[in-house]
Amino acid sequence: MALAMDAAALNAFLAAEFPQVVPSHRVEEATEAGVQVRLTADPGQLRPGGTVSGPAMFGLADVAVYAALLSRIGPVALAVTTNASIDFMRKPAAGRDLIAEARLLKLGRSLAVADVLIRSEGEEAPVARASMTYAIPPKTA
Amino acid sequence: MALAMDAAALNAFLAAEFPQVVPSHRVEEATEAGVQVRLTADPGQLRPGGTVSGPAMFGLADVAVYAALLSRIGPVALAVTTNASIDFMRKPAAGRDLIAEARLLKLGRSLAVADVLIRSEGEEAPVARASMTYAIPPKTA
Amino acid sequence: MALAMDAAALNAFLAAEFPQVVPSHRVEEATEAGVQVRLTADPGQLRPGGTVSGPAMFGLADVAVYAALLSRIGPVALAVTTNASIDFMRKPAAGRDLIAEARLLKLGRSLAVADVLIRSEGEEAPVARASMTYAIPPKTA
Amino acid sequence: MALAMDAAALNAFLAAEFPQVVPSHRVEEATEAGVQVRLTADPGQLRPGGTVSGPAMFGLADVAVYAALLSRIGPVALAVTTNASIDFMRKPAAGRDLIAEARLLKLGRSLAVADVLIRSEGEEAPVARASMTYAIPPKTA
């Protein structure tokens, strides 16, 4: 199974189509096993104490799943999240980037499912886990 | 069952403790049946086409559940979201505020569960539904 | 919006297509607002103490969402659950039937989303809430 | 980190406390990385066509998470599932056992979180994924 897009192609696509998620998010790696995305939170994404907010972690998981999907099917701007479940398990370390690892568990014609683990950089214990479903628009001829 | 905080008290608490969620979020109503929270998205919360982003809808649901919880237990800054599931069902109407209605389904000593419906203002069909669990810190004497 | 199937039609369909879920499940009401399904647990669905098991509550929620869907689109045996999230909030009352109320929040061409509240008969406080997504197979000519 | 219970101890505990989940479920392995549980479905857990039902897969995920938790904290009959999310991704292979692999992502004082992958025996692609939260009762002196 070859990848349709590598990390550089994914970052270029995100910058063109979703400029607001760049530069805080960066795809660091895309392989057959999945993708790794880094979040360098901006001030609006922090909570008192300097930890990353829940919505920002949700956004990171979403970008990671989207990147994992695109790495396999190529640039499809119109894929949309239909469902997400997320567990917040530990407080992120203050002042540290978050690293999300997403792996695609199902790639169907119309639905894709992936799961994600998010860690503070340099920590083993995950701060959050998420699973998400994306709806893939039908190909038009 | 009396409310511990009304809409004005909730807005004052959010402004003091979570200044970054104000002014885009506003508690409009708090009753025994639940709370209603309005999101007036800022530019960073919009996606191409002018619709509200997924993370912003997640954040709105989170604020609404938090407000529903505080309306019953009073100002507890340290309650944290432990789990969330969300279904994105329709595209939000462009240029329209979102209105979230949250109702508390369980209020235990250490866990609270609520669900939320989010609509574009003036529309009947919901754009998203969410359910969330909050962990309530033990009272210290 | 007219209903495609009423409670009697739904029960007849379930008995024909899913005989194993009958007789423990019974559709009691189907209206435009949603459906109500009763679970009279059999011994294999009980846990020590006489309360209904988690898998049995999951099954009840699933039947209720399926019935809510069929009440609107008619008999489609091949619709399948793709996602479910469930919160178990209170212990069911021992020796009491469970009543599930499901309402359809989205009915699209290929996906339907519904949520469910489950109560012990005669109790106000819900024992569980669930939300589920069903994939609807494309119509064949 | 030593295990509090191995596979044999887990099976003995389940047989004593939850006789109705035995003999269809069997813990096959318990290591620091997680546990593996096999479901040999009985006729009541099958759907037309011979595939395992959704509630039975839910039950398998629940047993696997519970076993993963007990393998670390020892025999605690009163731990209860508070939240579950599950994605059904592929139809299970007919006439084949299901194998669940659960890993504990968080083990706190009062809450534990785990995720699970379920496969048909001998297949690589997962049929379902789940994540679950268990509430752990406080220790009584």
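By letter and in written order, the chains are A, B, C and D; residue numbering begins at 1 in each of them.
The rule is short, and it goes like this: contacts are C-beta pairs under 8 Å (C-beta built on N, C-alpha and C of every residue); 3 or more make two chains touch, one makes a residue touch a chain.
This structure is a prediction, so every number in the text was calculated from the model and none was measured.
Asks: Average the CA atoms of each chain to get its centre, and name the chain whose centre is farthest from that of chain D.
Replies: Of all chains, B has its centre farthest from that of chain D.
Asks: Quick check: more C-beta contact pairs at A-C or at A-D?
Replies: So, comparing the two chain pairs, more contacts are at A-D.
Asks: Calculate how many whole Å lie between the centre of chain A and the centre of chain C, each centre taken as the average of the chain's C-alpha atoms.
Replies: 33
Asks: Chain A to chain D: how many Å between their CA centres?
Replies: The answer is 28 Å.
Asks: Give the residues of chain A touching no fewer than two other chains, as numbers and ranges.
Replies: Residues 82-83, 85, 87, 89, 133 of chain A touch two or more partner chains.
Asks: Any idea which chain D residues touch chain C in the complex?
Replies: Where chain D meets chain C, its residues are 17-18, 20, 44, 46-48, 53-56, 58-59, 62, 80-89.
Asks: Residue numbers of chain D touching chain A in their complex, please.
Replies: 85, 87, 89-90, 105-106, 113, 115, 117, 125-126, 129, 131, 133
Asks: Going by the contact rule set out above, which residues of chain B touch chain D in the complex?
Replies: Touch residues, chain B against chain D: 82-83, 85, 110-111, 133, 135.
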